[in-house]
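Same chain, two partners: subunit A is paired with subunit B first, then with subunit C.
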Partner chain A sequence: MVRIKNRYIAVQIVPHTPVKTLRLNDHTVAKCLLKYVEKYYGVYALGILEHGFRVKYCNDRTKIAIIRCLHRGQRYLSSILPLITLIGDVRAKFRTLYVGATVIQCNKFIINHQRQFLDRMMGQTASAKERQDLFKRVMELDVDR
Partner chain B sequence: MNAYCYFDVQLKIRHCDTIELTPTYFRGCVLNSLEGFFGEIGGKTTLEIVRFSVEQRRVVFRVPEEFAQRTRTAISLIGHYQEVPCHFQVLQTSKTPLDFDKELDDTPESAQL
Partner chain C sequence: MEQTKGFYDFCIPYNNDDKVLRAILNELLELGYKTIAIDQSYDHSKKEAVKRGAEMFPEPYSIEHLRKEFSGKLTILQRITILYVDVNVSHAMTVSLNLRKFNLIAGQPKTDAALTHCCTSFNGDIITFDPVAGSRLLVNRKSYQIAVRRGMFFEIKYAPAISDSNNRKDMIKVAQNYFTKGKSKNIIISSGAAHEFQLRGPYDVANLSFIFGLSEDQGKNSIDRFCRQLFLRAESRRVGKTIMFVKSKGPVVFSDSEESAQEDEEMDAIATDMTDDTENSPENKRLKLA
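Up next, the complex of A and B:
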């Protein structure tokens, strides 16, 4: 039995012009990343990376995504993240927040990060219902899709 | 000092009269293959042609040692030269300079560029 080592990269998508939502889904992010890997490291790296590659989580509101890749292809992915300036049709860049070996560790980090984001955003909401909605949207961490 | 790896390769092609084999075209062919397979970052290297023979369709070139493996892979994967199906046969690789001058001298009608 061979153990498959994965790496989970938590990234923040920073848009060029501040917007509330990016209208990006996990499929767009995955397509964009693979396109840039092929551009900078060729079909060889794409072949290594494609196996086991998946965007596990993509939150439009907090602009945070978790990308899973195989341990041996992680270098190719993490090194091109700073070079990306266009995600889908949106002018934006990636900011690497955390690289973990398990999704649990990654989730812990994301929860902490989003809690800090909530603390900042709660002050800007007027009604209690809006706050509840914001809390729901921000803290949803459905990585089992 | 940079260490180099020398390659002695021969172009194997069926219809040789339809192609134009020049050092520049050959270099472009290898660099294109390198870039296609290893990308803009992974496939950029300096490739210097040391010896070139059109008659024998044989080239000796050198690349930095760290790119030797990638270059070998890229050369093996070349399937077309100027849109004509072909392949490159790697005759010899070495860390010391290679030369096919002696072999060319044995055949007097062959010319060397």
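Up next, the complex of A and C:
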């Protein structure tokens, strides 16, 4: 048996000016990433990376995405993430949160991360309704779409 | 000893506008940096030769209010970058009093001769280079080795590399030159970002170091451990020789208590001169004065 090793990179998309939703879906992000890989490393890296490359999850409200790629080509991708300033047609940057080997670990991390974010933001909201809204908005997660 | 925590970013250019600087600091905090240095550059080459003994270097900007605001969250250091063309600068540096107020001193040589001097005898901590002017200056193997042995650190800034592709090429060229000449020893990576959008998280920076020819280990160390080393070195240069006293917390049995008590008084007098970060506890330790 040959085991295929994947890497799952959890990233946060930080827009230049704060917006509510990003209007990005998996396809736009994936296309944009592959375009940048080709721009910086050329067709060689694209060939290595393209097989097994997929944006597993992209939530444009919490602005978190999970990218899957093969273990071999991971460095080609992770090293250019900081150089990107334009995603689709939004001025934004990537912030690497976590690199894991399974999607479950990534999921765990994201839940933790969101919970921490929630703890910080909860203090600033006034009414209970707002708080509930915030909770729903922040913790909305379904990987198996 | 001064406590610092990772991660480090040793080059935040000073901005006159408090609002911009504060936004940058908030973003740094958000990304997980703990120790940063605010940079102030000074062009030595433009100055006319002034008379000996005169103060040439500027006072550090006052950032006390920022320090107070971010106390407990961010350690803010101050750094000066000296641009220079000839070796005359070293004399000016020895007599300057203002220079001691800075935590870190960086040299930015403009000519080949200055670069060699910077590596071999410059009394600072960081060697940096101008990202905009291109990469005409490349360090040679011998001076690189000397600089490494002296504990100097070479700086790579990533913000210019993000914003412009020409700068990116130059930056990669310089960084790869460090790799060819000496396996990328003693390299730190800092931001040099003028806007908070150019800042990246520490792990992003570690990943980015792949294109600079650094290994995974070196990449991580370049924003963490090496910076700590650099800070300690800078601090030792600033403070000079210091006597340290070790205090034991448990009970200590004396063999000859009277004699040591007398000696302790002497030590106490010395210790008051050496202020700063020494912990003076003249109890219960017999010290031999060299």
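The rule is short, and it goes like this: the second predicted complex is superposed on the first by the 127 of 145 C-alpha atoms of A that agree within 3 Å, B and C clash if a C-alpha of one lies under 4 Å from a C-alpha of the other, contacts with A are read in each partner's own complex, and residues count from 1 in each chain.
The working rule: a contact is a pair of C-beta atoms (placed from the backbone, for glycine too) under 8 Å apart; a residue touches a chain by one contact, two chains touch by 3 or more.
Predicted model only: the values in this text are computed from it and were never measured.
When both complexes are superposed on subunit A, subunit B and subunit C end up sitting side by side without clashing. Between the Cα centres of subunit B and subunit C, as seen from that of subunit A, there is an angle of 70°, stated in steps of 10. Once chain A of one complex is fitted onto chain A of the other, the partner contacts of A:116 are absent, as it touches neither subunit B nor subunit C.
The partner that reaches more residues of subunit A, of the two candidates subunit B and subunit C, is C. By the touch criterion stated above, A:45 is placed in contact with subunit B alone, subunit C being left untouched.
When the shared chain is aligned, subunit C comes close enough to touch A:96, but subunit B does not. Of the two partner chains placed around the shared chain by superposition, subunit C is the only one that A:16 touches, whereas subunit B remains out of contact.
In the superposed pair of complexes, A:25 makes contact with neither subunit B nor subunit C. Distance between subunit B and subunit C in the overlay is 7 Å (nearest C-alpha pair, rounded to whole angstrom).
When the two complexes are superposed on chain A, the residues of subunit A that touch both subunit B and subunit C are 40, 79.
The part of subunit C that touches subunit A in the complex is made up of residues 31, 158, 161-163, 168, 197, 200-201, 203-205, 207-211. The touching residues of subunit A, when paired with subunit C in their complex, are 16, 40, 75, 78-83, 85, 91, 93-96. Residues 37-45, 79 of subunit A are the ones touching subunit B in the complex.
Interface of subunit B with subunit A (complex): residues 35-43.
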